[in-house]
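Quick one: the structure is below, and I'll ask about it shortly.
Here the chain labels run A, B, C, D, E and F in written order, and each chain numbers its own residues starting at 1.
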Amino acid sequence: MPEEMKLVILLRQPPHGTLYPVEGLRMAVATEDFEPLVIAINDGVYTFLKDTDKSVYQMHINFLKEIDLELWVDKQSLEERGLTKSDLIDEVEVYDHSTVRKSIVGANTVIPL
Amino acid sequence: MSKILFFLTCECKLGMDLALEQEGNGDQVTICLLQNAIYNANKTNKQLDDCIIRDVSVYAGEEDVQKRGIKKHLHPEVKLLDYGEVIDLVLEQDNIVNL
Amino acid sequence: MASIGILFFSGPHQSQAPETVVELSNAALDKGHEVQIFCYMDAVNAVLENQKKIEGIFDVEGGFREIVDKGALIRLCSLCLLVRGTAKNCMKCKESKGKIKRAGTPDMEKILKETDKFLVVC
Amino acid sequence: MPEEMKLVILLRQPPHGTLYPVEGLRMAVATEDFEPLVIAINDGVYTFLKDTDKSVYQMHINFLKEIDLELWVDKQSLEERGLTKSDLIDEVEVYDHSTVRKSIVGANTVIPL
Amino acid sequence: MSKILFFLTCECKLGMDLALEQEGNGDQVTICLLQNAIYNANKTNKQLDDCIIRDVSVYAGEEDVQKRGIKKHLHPEVKLLDYGEVIDLVLEQDNIVNL
Amino acid sequence: MASIGILFFSGPHQSQAPETVVELSNAALDKGHEVQIFCYMDAVNAVLENQKKIEGIFDVEGGFREIVDKGALIRLCSLCLLVRGTAKNCMKCKESKGKIKRAGTPDMEKILKETDKFLVVC
């Protein structure tokens, strides 16, 4: 696939208990040529809580921000969990569900974790 | 106008939710169900009805349906594919939403 | 002819994913397409040797041998093997048309570049 | 625990795609001294569909029936899936949810699969 | 009258459902949440409210809450336990519903 | 003093279950209780040797060594090991107070008989 192929990496599982979100961020770092968009949805939104232990994946967040990639969070998933933007780290952007949805279905490849 | 395939291989509801929210902007949406995602094709699943009303094509892996013995419980609009036909379907798409 | 990439995360005997990956790969290879597979997390354990065969249960090891013989290129996340302590147990496929190779996540990017469509089997 | 300890083995996952229900039935066979009650609930009810491929676990069903153990199916889970007793094999008994629930919480040990 | 512990270690809703359906026949019901079951203790979870109104005691593993950083999002009636206290709680029970 | 049985199904690096089993066992052993563990399905891979340690991630192998040293008795589903091809990789704990033993599902019955309470970690 050409480099302008749109790649979305979808974090849908909570950050602890499994290594899925960590591995998703590691994969985003590895596929940087495609400028992947990382989207946290459902329980994946807990990945970016301010107070969550991020020691295993903070470096991936830092790297992705250094190369100007965006980390999106689905607003609807936040609301369902009683969370707001202020509970999250500054590095992420919150988008409403229809925007998030458009990015997902508009991607040529979606990798779910 | 894109050909979008929801390639669903687990029971996670997210794939069906996203397919259902499709806004009818001319994209051609297809759902392919494999493994335990097959259970989403149960005819009592209202989400599936809504998808089909919106002209979404829904396919299910024949071997997976067979193994699970749920052929007669499937929505009548769900078409069965063997693995070769799944590959053909995949190659026709512009976008693949794996879930 | 086209080229298909496949990613999966689950090991043998715990999930159907390894079986589905084999079935899809077989179908694609039989149609003359190329197949590249990335085994991530527990999926690396799908290609261990000496998996005991049980009647009625899909033979994961044999299935992967078959698709490598037919030409599939399988990349294993090396770190995933190391943390699981199973790096030495991987099957060898020296005489196959395809290959099983140790890899890193950057190889995921390679697969995405070299394939036309990319599937993930959960 | 004494042999009169009540043991429930709970099948809550679908029969294919994972080996959980198979392993649950194998465990029921192995713990026969406790006369375990096997209960299928949620997607576990698909385990006992007439048309499901049971080649890997039919022998366990046979064994459990030979030693007169019961295989229960939760009626509510069936109904949610548009299924009825007639879709299931003869070896199982269907009970309403409150009866199923009482057996679960009345067990000294519940093993979920 | 039994002491019943729901020992919940995954997000599967079934455990909370069963605990909630408790019919108040005098049994003493306790819920212990570990691993990702912790997320069930989110204060927006109505099921948890209903359990607490029915005098069900709800505990959550302190380390798991800490790791997930959700202390301030927990229902105020949820009490935290370290692993040693979890063991003490387990040993007090007549029935343990693992889920 | 009491005796606690624990069953789990998940392997290392894919699920928190092995870590939780170690934590609960440590707490019980430290209080003077006995602990018997049954590793079923992927859980048998939790006690493989040569698992590479990664900073920040729970050391599953070390954790299991520690509880065996303290006296935990661990039974591994032998068939589960064989089908996974990892039977030869199990850690040895010859000088420990506890033991790691190959087992069959009938040993589950034994554990249920010999323990006061039985936990399952999903």
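The criterion applied here is as follows: contacts are C-beta pairs under 8 Å (C-beta built on N, C-alpha and C of every residue); 3 or more make two chains touch, one makes a residue touch a chain.
Note that the structure is a prediction, hence the values are computed from the model and not measured.
Shared contact partners of subunit C and subunit E, listed by label: A, D, F. Common neighbours of subunit A and subunit C under the contact definition above: B, F. When each chain is reduced to the average of its Cα atoms, C sits farthest from subunit E. The rotation relating subunit B to subunit E, fitted on Cα atoms, comes to 180°, given as a multiple of 5.
Shared residue numbers account for over half of those found at the interface formed by subunit C and subunit F, and the copies are therefore classed as meeting with the same residues. Across the assembly, the mean Cα position most removed from that of subunit D is the one of A.
As a whole-number value, the distance joining the C-alpha centres of subunit A and subunit E reads 30 Å. Distance between subunit A and subunit B, defined via averaged C-alpha coordinates, is recorded as 25 Å. Looking at subunit A, one finds that residues 16-19, 109-112 touch two or more other chains.
Contact with two or more other chains is made by residues 12, 35-36, 96, 98-99 of subunit E.
Residue positions of subunit C touching 2 or more other chains, listed in rising order: 13-14, 16, 41, 57, 116, 118, 120, 122.
Shown are all chain pairs that touch, namely A-B, A-C, A-E, A-F, B-C, B-D, C-D, C-F, D-E, D-F, E-F. Only residues 2, 4, 16-17, 20, 23-24, 26-28, 30-31, 33, 116-122 of subunit F touch subunit E when the two sit together in their complex. Within the complex, the subunit A residues that touch subunit E are 14-18, 43, 46, 49-53, 80-83, 87. Contacts from subunit D toward subunit C in the complex involve residues 16-19, 55-56. Looking at the complex, you find that subunit F touches subunit C at residues 11-14, 41-42, 45, 48-52, 54, 57, 61, 79-80, 82-89. Taken in their complex, subunit F has these residues touching subunit A: 13-16, 56-57.
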